Amino acid sequence: MHIKRFISLFLFWLLVAFIVGYSLAPFLWQIITSFKPSNELSSIPVTYWPKHFTFSHYKELFQGTRNFPRYIINSVIVGLSTTILCIFIGSLSAYAFARLQLPQRGLLLRIILSASLFPAIILIVPLYEMVSRFGLANNYLALIIPYTTLNLPFTIWVLTSFFRQIPTELEDAAKVDGVGRLGLLFTIFFPLSAPAMATTAILVFISSWNEFLLALTFMSNDTARTVPVGIAMLGGRSSVYEIPWGSITAAMVLTTIPLVLVVLIFQQRIVEGLTQGAVKG
Amino acid sequence: MKRCLLSILLVLALVSAFSIPMWAAEPVTISILMGPDNTGGWHQVISDFEKANPDIKVNLIEGPSATNTREDMYATSFMAKESTYDLVYMDIIWVPKFAAAGWLLPLDKWFPKTQWKLFLPGDINGSIYNGHIYRSPVQSDAGMLYYRKDLLAQAGMTPPRTFGELVQISQKLQKPPGLWGFVWQGKQYEGLVCDFLEYVWGSGGDVINKSNEVVLDQAPAVEALQYMVDLINKYKVSPADVLTFQEEESRRVFQDGHAVFHRNWPYVWTLANMPDSPVKDKIGIIPMVHKPGYKSAATQGGWGIGISAFSKHPNEAWKFASYVSSYETQKKLHFLNGIIPTRQALFSDPDILKESPHYPDLYKVQLGARPRPVTPRYGEISDVIQREVSAALIQKISAQDALKNAAQAIRDILKR
Amino acid sequence: MKKRGLSDVQFGYLLILPALIFIVIIFLYPVIRNFWLSFYKLDYTAGGHLGFIGMDNFKNILRDGSFWSSLRFTIIFTVISVPIEFILGLVFALVANTRFKGRNLVRASILVPWALPTAVMAMGWQWIFNGMYGVFNDFLMRFHIISFPVSWLAMPNTAIFSVLFADIWKTTSFMFLLLLAGLQSIPDELYEAANIDGASGIKKFGYITLPLLRSSIVLAFLFRTIQAFGVFDLIWVLTGGGPGDSTKTVSIHIYNTVFRYLNLGYGASLVVVLFIIMLPFALGYARIAWREE
C-alpha cells in the first residue's frame, strides 16, 4: 500500500518536473545563449553553461545605427495607449451592459464579441487599404486603433461580469446622495473593480506587445517598428548572410523578461482574469 | 458630466499626441533602404556626396540582409503611397514589378538613351520597362564557375566546358567528404532560379521564348533540371547539403578548400583571394558549363538606384543616384565593396586591371549575361520555379513533372 | 420631477457607442469590404485599377495549386496540433488544479509560453533547431536518439515537425487556461462525496471531471481550431513557409499574394474562403459560449 502511494507520488512529481521543464526550458536556453560570447555560440558540441559570460551582445543592441531602443519605445507607446483606450471604452460599455437594461443587449454584445473569434489575417486587406488611404502607415494610430478593437471584446466581457457582481446597494446609496449615472461609474465601479481592471490592463498590454501581423504590415519604417517585428528582422552584422544569434537572443531576453516577471508576480490574478474570460468562452 | 468630458478629451489628446508621424523632418533629407553596410563603404560614399552637396543629407536605412524582406519593405511602403523612401536600391528583378505598379519615376529626362551605351547592355536592359528607364545601374553581377586551378593543373586537366566534362573532372578529383566535386546554391530561394536558368539556357532552353510562349516544360529545360538532380544523386559530385546552401554557405565550403568547382557570383573572387583564405591564388574563373553545341550562359544580376514616385525630393534624389552611378564612385565602390561596375569603361581602367587581372574574362561573361523573365509578375513566377525545382531536387517528383507543373502555373500567372 | 437629459436606455447606448464604432470600423466594415473586393480585380502588377470580374477570383482559386497545398498543410497542422495541445493542456490543468506546495510556481511557469511573443520565440526556435549549432540536435545526440545532426528546418518533414513542436509548446498554455477555467468551476463537494464513496482517481475523472468539463472542452476545441487554422506569426518567422512550401499555411499564402504578388483582389477572395471555413466553428462557439446573453 505504501509503495503504491510512493510510486504515484513519485510519478506526480516527475510530471510536475516535466511540466516546469517543458514550459521554461526553451526560454531559459535563450537566456543562456545571450550570455555566451560569439565564438562559443558556434562551438560543437554545445556548451550548456557559458564558459565565459559576456554582456557584449546586450551592449551591441544599443550601439550606433541599431534602432533597438526605438522598438521598445514604440511598443511601450502603442501598448500603453491601447491599454488606456481599451479599458476606458471597455468599462463604459461594461457598465451599460451590466447595469442598464438595454433592449437588443444580447445582439449588441454578440456583435462586439464576434470580433474576437477570427484571426487578424481576415482583416488585413481592407485594413491596409484604410491605412493607405488615410496616410497612417508608420503611424502609431495604425496599430492602436486595431489593437484596441481586438481587445475590446475580452475587456468588455470580463468587466461586464465583474461589474455585475458589485452589490446594487452601493449604487442605491450613492444615487440617494445625488450622484449621477456617470458619477456612479467613477465613484463606485472604477474603484471597486480596480483589481479586475488592472489585471485586464496587463492582459491587454501583453496582447498588444506581442502582436505581429499588423505591426509587420503597417510599420515598414524601421524607426516605427515594434519589438516583435524588430527582433524578427534583425539582420546580420558580421556577414551579409549570417544571423546574429547573440544579439537576437539578447534582444529577446531584454524585451521579454519584463513580461515574464509581470506574469510571475501577478500569476494568480492573471489566471483568474483569463479563466474568467474563458469561463463562458 | 464635466469630469467625463474632461477625461474623454484627455484620452483624445493623448492619442492624437502619439499619432505624430515617426520620421524626423529635416530640410532635404533623402532616404534609401539597403542591406547592412558591413564594410562601411556606403557610409563613405554618402559622406563624400554630402561634402560635395552640402544642402542634401542622405539617410541610409540599413535593413535586413535578406533581399526578399527588403523588397517587401519597399512594397508595403509604396502600396501605402508613403514617402518614407526617396530612393530605391533595386535588385534587377524588382524593376518590372515596381515600374508596373507605378512606384517609380521614369528617369528618361535625366538619363537619356545616348548615355545608355556607356553601361553594360544587360544592366541597362534590366532597368527598362515599357520603353522607359527606371533605374540607374550601379553594380552588376553574373553567375560564373570558379575552379581550383591548382588541382586541375596537378592532374594535367584543362578546365571543363561542358556539363559532361564538369562531371568527369569532378569524379576524378573529388575525395568526399573532405573534397567534393561541385558546390552550388540548391536551397529553395531566388538564387536557386539563377543557378537553374544557367543550365536551362546552356541547354538551349528557356522559360519564355521570343514568341512569349512558356517553354519551360520542353526537353532542354527538363534535361537541365535532370542534370542538377543527377549531380547529387547519380554522379554524386555534389553533397546533399547543397540543398541547404545559399551563396555564403557554398562559398565557405569552396573557400575552405572542400570543393573543386563552385558556381557563384563574382564577389567570391575578392574574398577567396584574401590573405587568410586557404585557396588564395589557387582559383580561376570560367564561364558556366553548357551542353555541347550550345553556348555558356550566365544569369544577369545587379543593383541600381531608382527614385520613388512618392518622393518629395526627386531632383535631389537624382543627384545622389547619378553620383553613385558615376565613373569615380563606381570605381570607389569597387575598391571598397568589391562591386562589379556597370560602366563598361571601368573594365579597362588601369587601376582596376592591376588589382583584378581577371576582369577582361569577367567582362566577356558580363556581356553575355541573360536576364530572368522580365515581367511584373516575376516574383510569383520565381516562387513557382523555386518550388518545383526544389521538389525535383529532393526527388519528391520527377524533373519532367516538376517543369510541367511549373509551366502550367506560369501560363496561368501570365494570362491573368 | 424634471427628467434630466437622457433616459437610461439612451444613456446606455451612448456608453456603448465608442466600442461599437471601433468594432464597426475595424471589424465589421473590413469583413464586408473584403467580401466586396473579392469580386474585383485589384492587381498592382497590372496597374492597380479596380475592375469588376465577378467570380473570376474564385475560379482562379480552383486552379491555384499553391493554395490547395497550403490548405492541405493547414488542415494537417490543425488536426495534429489541436488534439495534442489539448491533451497536454488538460494534464497541465489537472495538475495545476491539485493542491500541492509550489503550485503557484508551477502555474506561473505554464504561463510563460503564453506570455512570450510568438514571433520573438520563433526566432528562439530557429536557434534551437539550428542544424549546426542547435541545442535540439545536441540534446538528441547526447541521448543517442540520433547519430548525426539533422537540418531540422531544411527538409520538409523535419520542418513540419519543428513547426508543430514549437506551436504546441506555446498553445499548450492556451489550452491550459481554457480548461483550468472549466476545472475550477467544478464544485469540490462532488469530489469529496466521491472520496467518501471510495472512488478511485480514474473513476472520479471519468464520472465527474470529464462530463462537467464537456462544454469547456468543446469550446476549447472550437476556439483553438479557428486560431490554428489562421496561424501566421510562428510559421512566418520560423520557416517562412518553406522549405519547398512544405510549411506554408493559408494565411502565409494570403500574405504573399497581397504583399509580394500585389494581387489584392485575389487575396481578398482567399480570405473569403478562409472565413467560410472558419465560420461553422465560430458559429458553434458563439452558440455554446454566449447562450445566456
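Letters A, B and C mark the chains in the order given here, with residues in each chain numbered from 1 onward.
One rule holds in what follows: a residue touches a chain if its C-beta (ideal position, glycine included) is under 8 Å from a C-beta of that chain, and two chains touch if they have at least 3 such contacts.
Computed from a predicted structure; not experimentally measured.
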Pair of chains joined by the greatest number of C-beta pairs in contact: A-C
Chain separated most widely from subunit A, comparing mean CA positions: B
Intercentroid distance (Cα basis), subunit B paired with subunit A, Å: 39
Separation of mean Cα positions, subunit C and subunit B [Å, integer]: 37
Chain centre separation in whole Å, for subunit C relative to subunit A (CA means): 16
Multi-partner residues of subunit B (at least 2 other chains): 76, 79
For subunit C, residues contacting two or more additional chains: 259
Sites on subunit A at which at least two other chains make contact: 128, 217, 234
Contact footprint of subunit C on subunit B as seen in their complex: 71-72, 75-76, 79, 97, 100-102, 187-188, 241, 243-244, 376-377, 379-380, 383-384, 387, 390-391, 394, 396, 405, 409, 412, 416
Residues of subunit B that touch subunit A when the two form their complex: 1, 3-4, 7, 11, 14-15, 18-19, 21-23, 35-36, 38, 61-66, 69, 73-74, 76-77, 79-82, 84, 246-249
Parts of subunit C lying in touch with subunit A, wherever the complex brings them together: 8-9, 11-13, 15-16, 18-20, 22-23, 25-31, 33-34, 37, 91-92, 95, 100, 102, 104-128, 130, 132-135, 138, 141-142, 169, 172-173, 177-178, 180-182, 184-185, 216, 219, 223, 226-227, 229-233, 236-237, 251, 254-255, 258-259, 264, 267-268, 271, 274-275, 278, 282, 285-286, 288-290, 292-293
List of subunit C residues in touch with subunit B within their complex: 43-48, 60, 63, 65-66, 131, 151, 154-156, 242-245, 256, 259-263
Parts of subunit A lying in touch with subunit C, wherever the complex brings them together: 12, 15-16, 19-20, 22-24, 26-27, 29-30, 33, 41-46, 48, 89-90, 92-93, 95-97, 100-103, 105-106, 108-115, 117-130, 145-146, 148-150, 152, 156, 181, 206, 209-210, 212-213, 217, 227-229, 231-232, 234, 243, 245, 248-249, 252, 255-256, 259-260, 262-264, 267-268, 270-271, 274-276, 278-281
